[in-house]
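Structure below; questions to follow.
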């Protein structure tokens, strides 16, 4: 073998780069052309979530040795760094999905700061909701021994905190970012809550893996779900040309104090009346009145 | 715009810090007051788990190029670092959940070392159990081609190793730590096994996502589960004041050589007799005798 | 307490190292003896996957500010680094599973380069398939607002991209590596697709957690699955000595344009005819003709 | 000791923060008020230098396994990332030292890009100069065995490469950045060359520690210096109010092919004529004609 | 070659470990026996120095985008983390050098906190001294263009800041730590100032490489040094048994407003009178009165 | 501004890449053509040095909490990792400088292992020499308070340890690697000792910055040097064609127990007789007999 051959790569890099460029260009609708619009960064969002968790519960998610003397400095500095980072990601998200002319590019910076400011003002309320969720977990699971165990060891609670943050951003218009956060939560916890869903205080998901809550679901106070519960859509209406109609209310309404056990599937814009219990693995596509007790009939063949 | 304005933040940091402080103080029951008790650290626990996995299976989870000449140095050094770290996290966990007087603070260091010492002595037994689990996987899955594939590519096996470590810590009294480990495993594998559960040798979970095994479940030898199987509680008895009664046996007993297929839900303190087969998606809330074969009746509407 | 005592460790390290060595030696079948064969590295594989994702969709998974002027340099450099790393992991995987004599050790380097070269040549095709999957997601989910949202926020799409890479490697013979990649995808997304499965273009999994697709499954064009769908094996035939027979076709065939809703379980070498709809939580162990509409009968007890 | 006391910090954080704020405010001239002007970042500059070194000598400072097939992708991608980073640091530097009104803030982005573009165009020339320096080292040191040894192991050569980059930036007006780079080089190599100095091709510093070359020094072709040589200013003229007059030519002119041995000190705007040799530890404050041979008289007392 | 041979390391690890153990044991005086006393950690000290620099000059060494609204949170949090880390390193240093009985081990924690508290109280004074040093640099170097350039680009100033911190710790009794800091500064800047030296306000070292200032040197106000100046000891008196007598004043006293040019060496307990100028490369071993102007005679041999 | 323009980079990347390629090709002598020969990696060498320092002095440079029970595991594992890494860098160095034919490429792996094995066998001797150096520092500096202070805070000692390692590699033939290590030491400590120099036991350099010791210097037992001492070459003999003659003895011989004070310069193959003292800043180019006391005459002009 000659030295010259030895110097060659074992694959044809230039040809491959060219083919991938062709592939990108032939599917050009897959990204915006004409200007560079940076997508939000997953790594930055994960860092922002770490910061928000730490600001909300400093000794659980921040530094465990904080005292009354130093905790505000920690919270202040974490918030300062985190909210600046968030504003940049919000800016990216707003700009990316915008249809507007390039001339307006600079406006997104101010829009993002305004949105982030409102989100910041909302943080105390978000914290209050999360505290209600933690208390619901404490009273809802006989295995729970302390608030700290709940904050550290309950994926359903972690998913709910992610949701409360994502929902606040969604309501303020940062929808791509909110979805990205819900996906991060999904990846960590196995719980998939669309940020568009409306969930009231005192919400608890136990175990959690496989729970799916759709975009237009509405959930009352003190609702409890178990793993693998789906609150989904039944069918997707299409317009006359066969395109999906987006944005319609198509997921369940779950009223206050409902409990839904593992594996139950509730589909469509149905209402589960207050204080109802839906049994495990139940398949439900119609509304049930308050105080219903629905369970799967059982068939066994020995 | 004046320079002075430019220097301002785009949100009111001081006000926000104050509101979050108020929120923390108004929910003061959410953390222990009066002394700083550091919580265990997730990052440290993940590092400890990496170390224990490496000490137990050095070429699979440690360094793949180890030989007979150097493997003991690797194992010894990893164990040394890992067990010291573990003792510190055990100390934190014991101290955090303790009700005792401050004067006793120093005792937790010794208690943690004693507990960690016992855990260390137990490691060869833990390894033997895991070997039995790996063999069960090898004989239970036709797609498995080698022990290495099982150790590297089977989330159910990974979850079981985590469980065996967490359970040993749970039995020795490090319950918060054990729960934390089970949550780490859950996050990685989608399998949620409470460290209080008792699981005998030769245990195999295939695929695994969505499996939930409750705190008081008891599982015999050579049991095999598939994804999304729940061994849960049926109801939670409350005392006369409506508070949940904690600690009662409320999860299933699964005897030797039982197989439970995907999505099956077994609830309550029922017994699945030895060698039974529980079909997929079955909903089971009563005991079945040995050698039962339970499957869901099927209803189709074309 | 004497100083000498103080210097001791709080556990018996040497004894423990010895016991673990004994444990390894007594279970010696658990790893290959006689020569050091390094296992593939999970960290390297994760880095390789990051590189392949970035090379395929540079602005979504690589760097979001790339322009027409610089994108090829990025793609070329990422591919160069990534494919060299891949060749080394392929080499490890091939060597590890080989039965061949030591004398042949050096051949694996060339084999791995040849295999990696073929994989590289296949990348444009892989990208085309993924583009078809993304388009299927866009047209299949009313909540989807843009291609970017789909690439960043849909775990089912992420799992599918992982599968397309793993399947290409599996077909070329890098089976251990392919399985390892499918496990990494499973851990991140909750979706477990065996790399041996054959899946045609336009595949979409929504939500995804708990989906299991077995080794010999065959899936047609434009198939859509929801969370917790299992395409599994019904039973595992054993030979006359009770050993599992490996490699037989034992998972479903799903024809073009089938939709399978959340929690449905299809087991065995059955065929779901084209354009059929399988309802949520359905348990199906026989073939159904094209255009079938299968749903679970519902039993409620109020 | 009460629990409340235990929670206190062992120092008074709030008082200390207040005192440091007072200290900053009382020395307010020490930073620009009225607007936030970010300083260049040392970490970013170090990353930029790593990138430029790698782009200039890819196999020595970049990746040692590059071949003709892949080297341009590496160089292109490294340059792309590095020059974008450089433009941002140039922008910071220009803005920071500017006296201009806030309204003009946005102009610095374009100015920085223009400057960086010119710097980029200059890179091939910079490389040619460095190649001449490396060749001078090869012919000037009997201990040198290869070009690679010189690029990897000669701090004087490393300092010269840093200088050539810093000088190019200095000439284009990025003076703060240029000085910052010279300080980074000084810290790494012990050689302190002001970026304002003019140094012709074929420059070689052997050993290097302690060499100081002042802002207005002029050095001809093929000059060789040894460690601890100073080319400094003799005195600093002050104006009538006692303020130093800045910017005057006050450092030596060293003509072509001069050699200056270790520890020699040349001060003031003197000229060392071409081909002169200045001996070790010589103290020189007047000009010498070409072909001079200056050495320290030696006095020994036994 | 047999497989068994292949598994061997290419060196004898066990023998080597044994020999090194023997070597350690035969030189047992080289470390304290009988109890584990952890040495301070260089990495921790570097992190502490980074923190102190950032707390003292937040926009130069911390985060360049801080505003009046957020700067105190940053300073407070950095100080909090840094001073806790410092207390631990002080504890290690005090314990390590102590001669005391093991029974007293716990006292060092409190001692270290007390010492760190005093150091913290001293920080505003330290900052004031450094500001005087920066102003001296600004007025002493015609090449200096701004305070920021001085803080970022002057190794002599960096060395002086390190010295001011180390000296404060030295005075409080943390001598091992103080020396460790001076060595870190030396490594970064080439300037070696013993923390025991006493240096008044307005101190400036230009260029700096090779400056050495001994343990008992005393330096007045507004003194300026150039590179390679030594303020050293002339000889080391030994006692009757030949052991060095430690701690005696043996380095120069340099009075106010003295300037010492590059390469000058001043040895022994001599006094340089106020306002004197010591020329470059001068070798001085006796005192000189105020307003002296000492320079090296020059001998040239053409 | 059109969108298309916006997408362009602000510099011409492709042109620049082309020019740099041309520049590399036109200076092709600057690297080996015809085959890829990877250079040793600075990062790897730094990691190897960290490992060797830790293996030699485990509690000072490794982990400070090691006890008799665990120290051998630490040493064994560190050595194992470090020596394998070293063998790879040795291989690169040997291969890089080789003139041999490609066919022999594989031999360098075995050569490197053999060389590394010998180096490993030499480590106990290296340690013994370093212990003698540390003792010399302890008895030579009145400011030294403990062996630990010397190991942690004396750059001259750090430089000497680096030299002892580099010299051992140099003697075994790994010359490029040895030089690389000496440059790393130089960068950290300001002390430049060529690995070819021969230095006997009990060597001590105080302060150290600016010390230069040439390739063919020979230094006896218990020699002490201060900062900025040069043991250099006087002139470089060239052959009839003007090329430097490499490898001749051209640096001083320093006999036992000599002390050389700061800034002294000794040039050429001269001999400093045993027990001599060379004063600061002395310039010496001829031999002196044993017990000489050389000092610079002093000239002062007031």
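Per-chain numbering from 1; labels A, B, C, D, E and F assigned in written order.
Methods note: contacts are C-beta pairs under 8 Å (C-beta built on N, C-alpha and C of every residue); 3 or more make two chains touch, one makes a residue touch a chain.
Chain labels with UniProt names: A, B, C, D, E, F = serine O-acetyltransferase.
Here the structure is a predicted model, which means the values were calculated and not measured.
**Q** Quick check: more C-beta contact pairs in B-C or A-D?
**A** The greater number of contacts lies at B-C.
**Q** Could you say what rotation angle superposes chain E (serine O-acetyltransferase) on its sequence twin chain F (serine O-acetyltransferase), using C-alpha positions and rounding to the nearest 5°?
**A** 120
**Q** Between chain C (serine O-acetyltransferase) and chain F (serine O-acetyltransferase), what is the separation of their C-alpha centroids in Å?
**A** 49
**Q** Which integer distance in Å separates the CA centroid of chain D (serine O-acetyltransferase) from that of chain F (serine O-acetyltransferase)?
**A** 24
**Q** Hey, what residues on chain B (serine O-acetyltransferase) touch two or more of the other chains?
**A** Within chain B (serine O-acetyltransferase), residues 7, 9, 13-14, 17, 36, 65, 67, 70, 72-73, 76, 80, 190, 209-210, 228, 263, 281, 296 contact more than one other chain.
**Q** Provide the residue numbers of chain B (serine O-acetyltransferase) that touch chain A (serine O-acetyltransferase) in the complex, in ascending order.
**A** Per the touch definition, chain B (serine O-acetyltransferase) meets chain A (serine O-acetyltransferase) at residues 9-14, 16-17, 19-24, 27, 29-31, 36, 38-42, 92, 96-97, 175-176, 179-180, 182-183, 186-187, 190, 192, 194, 196, 209-210, 212, 214-215, 228, 230, 232-233, 236, 243-248, 250, 263, 265, 267, 281-285, 292-297.
**Q** If we count contacts the way the header does, which residues on chain D (serine O-acetyltransferase) are in touch with chain A (serine O-acetyltransferase) in the complex?
**A** Listed in rising order, the residues of chain D (serine O-acetyltransferase) that touch chain A (serine O-acetyltransferase) are 7-9, 13-14, 17, 67-70, 73.
**Q** Which part of chain F (serine O-acetyltransferase) faces chain E (serine O-acetyltransferase) closely enough to touch in the complex?
**A** Those in contact with chain E (serine O-acetyltransferase) are residues 55-56, 58-60, 64-67, 71-72, 75-76, 79-80, 83, 87, 113-114, 116-117, 120-121, 123-124, 127-128, 131, 134, 139-143, 145-149, 152-155, 188-190, 207-210, 226-228, 262-263, 279-281, 296, 298-302.
**Q** List the residues on chain B (serine O-acetyltransferase) that touch chain F (serine O-acetyltransferase) in their complex, please.
**A** 65, 70, 72-74, 76-78, 80, 84
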